[in-house]
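Order of writing sets the labels: A, B, C, D, E and F. Residues in every chain begin at 1.
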């Protein structure tokens, strides 16, 4: 009972709300710094690709957006597992705060992929395994949001949504390994820790942009989490004190 | 065999319905929940049977938490809804309910129970053709042969005519005399001749 | 303004519930239907409002058959079901019901009616969050401003607490004093102080 | 250091301008709009909650009173 | 007369907004079903282009149909339908309102996303235009005819699946002319003839279906 | 343990027999959807043969999915589900029984008529055999995964359509391997690999899904 209480306190909205408020500006600043550096390297310094011409520069958003769309889903599933196991209030809020950003990332991955595909493959869209599974990921995000929106009781919504996230997490390895399992039009993995086929600057540009997207996602998710938190906890003492204190 | 509630708190939506509610129920005792519409009677019953986790506090059956399967083997719950299938006949409903609740119930016993609730001659009519009160009677027929110690009944008298109300009151008091426990809500004034009736007023 | 039933016969499934039933109801009179579960009370009410065609016999309102639209403009029916939407708030439910029934009801009147049924402060909460009895009260709020002459009520007291039962009994008797007519069933013993109460026992 | 010779070259992206700027443009747009939407939603929520709190303190607060007010029908 | 129709539309739209899920889900069902086909059939663009009109129309039929069981069921279950039937105006008007609201919620959005899905199947701009027009013209008929099926199966337990059994055969003309219009455009024959037939079907069924449904509803209420 | 599973299966099958509409309708939905395609797409046999596996599988997915909302909804509405949750054995066993019964009523019949429909699409005898086997192997997974979706959306108003939103994405692997098996046979590559993957999916989902569904049901009952 006692250690559970501690955990509960650690993840308690009352401590988390002000902490998140203080952290947001830092993440925004980091996102801007990484973004500027990444854009500088990727858009201004990096040379052209001998195969794809300048069109390859879409990679600097396509890949970070694709990565984030999968990563955010994993994080949501992680929160869901915590929430179902320990019954913490915070986890459901975090999952719900992350979902729209994750869906946007999946959408951006599809959008930039389509814009890339037209010049490279001659078509906006092919029914290739990776593209399709990314589309499914978007559907999973939307399904999660629709489910939690359809349930009015927040506690129930969190639990049901968490269960769905855990069930849907099987899709992530499918997306990731789809290029390996089926031979497809879409490019295989080219980022490799030991040897890289990419130019050094390109690689760095991509990694910096990925960091930028990461920080951005954290910042937006924290902002959204704060709103959700206040809304849900409006009858607790800390929220009331906060609402009463904050200037109009 | 005791049912104990310890410092229960109930929050529905954003409303705290009750808090710090404790009681203890011993064999032969009836807990009679009272309270206005919306006071939280149904919510409390659902907590007692383990379907609604309390916001805080604990419920114990025989000094153990009610989360165990043992508790459910001792419990008989009858809610607002009748839990009968429109397509099945009263007899089939009764037998299916027993089988799914892991109870032994012979066909003769079932027919006997249906006779007692005044459905003789309708054992083989699909339930959808029954009137409001007759459907309720099918649901109540479960209680006739029920020997589980804890009965939890949510407004059992609704839709029953006067004769049926009397009969049910008798059935409950028999159960209590056998040493059973019962928790019940109702807005109708019904006199249940039983050993101890504890009243608990919500709201 | 009279409601007349002439030699009604009702067959449900294969069972003849009643036959040769006739009565006449004049302004200020209450017809109180009684009978066991399954006697055919609900069936009779549905005949009176024109939803269930009688096997034989006829029902007349102001000496004309009840099939006309005029009859329905004079009728207010409240059934087993509450006819409210879970997603709408009590206020919206009431206003929508009035608009769909082609009645004038201002928002102030609606709020006033909800206050009278004891739902003040919940006008803006979706109905699904209400308890059994509160939902019933939303349905009953329609009656507060209702000036149609004929009220047909099927077990209106179900799920209501004691205070609400008293209030509703008062509302019905006011309606009768205004010269209205009412037909009602209930298994609960409720005293309605009205001019003439006719009792009709089925089965 | 810088790979491009002129701004025009940069904007043309070797003929892929539409595709590249279409991608970057929409991404920038989304990343600009999303935080604004979230922040506005937060401000609106805080205002609404404050209004609600004032309204609740004028009557009795529903969570505080275990009972419901004005239950008995008039 | 119009007052009651608008009152019904207003209420139904408000309910749809409250539920949100309703609008979004019919749409996403459409999107998902359309996306399933290439998965089952394979990715060759030529093949897909030939399939597109048929697949999109079948998906539109199914998406409309899926929301049908609830057209009257909710009102029936909670007793509102009884009250509507007892109101002092013809039930057919009420049903007209409900059909229009159903189309606004489940038909109109389909027409709006259809072009996007068409792109996935590599359709030309012309074909996309005709596709959108055809869906816009044809879906009211789907709502109208569907209302009859929904009313006939009201309160029956097998409802959800039974309604498809009754309604899908009646949808076939809409499917043939709707898909035909797009096909004709793709093959360069021009889809005007098909489109005007579609308009005629819609006109007839929106005018007539509410009254048939009203009759069916009265039977269901006995 | 087996007693309770068989008790549930027995009751659900008896209910399905009583309603009749249930069994017949899922089947007819399947048949009608499959038959709609030639209408929407045109009668060329070559094209149809290529379409067959995809169309049949999509139709099987949709037919299964359509009966999902009622998997728990009836029991929920009339209070039986509460009683099941209060019975002194794990709810997962009850759900296992319900999943099996659902498959017997909605999956098995599809496998039985699939060959007949395959003939309409001019499939070879080999392909028909693989098609039947694949549907037989794959549909239990559809019932299992579907149960999770049905449990999650239980009691929600948008239920029927919402369930498709949740479940269809999860059905996609079944669709791909199921259609792939037939495709591979048609093109002479042999469908054994696909079939064994299908069997693995079915095995995993029938074992795991009932427990996830049971957890979702408990949430819904709060």
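In this text, a contact is a pair of C-beta atoms (placed from the backbone, for glycine too) under 8 Å apart; a residue touches a chain by one contact, two chains touch by 3 or more.
Just so we're clear, the structure is a prediction, and the values are computed from it rather than from any experiment.
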| item | value |
| --- | --- |
| Required steps from chain D to chain F (each step between touching chains, minimum) | 2 |
| Classification of the chain E:chain F interface as same or different, half of numbers criterion | same |
| Maximum inter-chain contact count - chain pair | E-F |
| For chain B placed onto chain C, the superposition rotation in degrees, Cα atoms, nearest 5 | 180 |
| CA centroid of chain B to CA centroid of chain D, Å | 49 |
| Gap in Å, rounded to a whole number, between the CA centres of chain E and chain C | 37 |
| Mean-CA-position distance for chain F and chain C (Å) | 45 |
| Per-residue overlap in chain A, given as positions that touch at least 2 other chains | 132, 139, 142, 146, 150, 153, 234-235 |
| For chain E, residues contacting two or more additional chains | 19-21, 25, 28, 32, 39, 42, 74, 157 |
| Contacts with two or more other chains, residues of chain D listed in rising order | 62-63, 71-72 |
| Chain E-facing residues of chain F, complex | 19-22, 25-26, 28-29, 32-33, 36-37, 39-42, 47, 50-51, 53-55, 57-58, 61-62, 66-67, 69-70, 74, 156-158, 160-162, 164-165, 168-169, 172, 175-176, 179, 183 |
| Chain A partner contacts - residues on chain D that touch it in the complex | 1-4, 10, 13-16, 19-20, 22-24, 26-27, 30-31, 34-35, 38-39, 41-42, 45-46, 49-50, 52-53, 61, 63 |
| Residues of chain F defined as touching chain B within the complex | 3-4, 7-8, 10-11, 14-15, 18-19, 74, 77-80, 82-90, 94, 221-222 |
| List of chain C residues in touch with chain B within their complex | 12-13, 35-40, 42, 80, 118, 125, 129-134, 136-137, 155, 158-165, 187-188 |
| Residues on chain B engaged by chain F in the complex (per definition of touch) | 49-53, 69-70, 72-73, 75, 77, 79-88, 92, 96-97, 99-102, 126 |
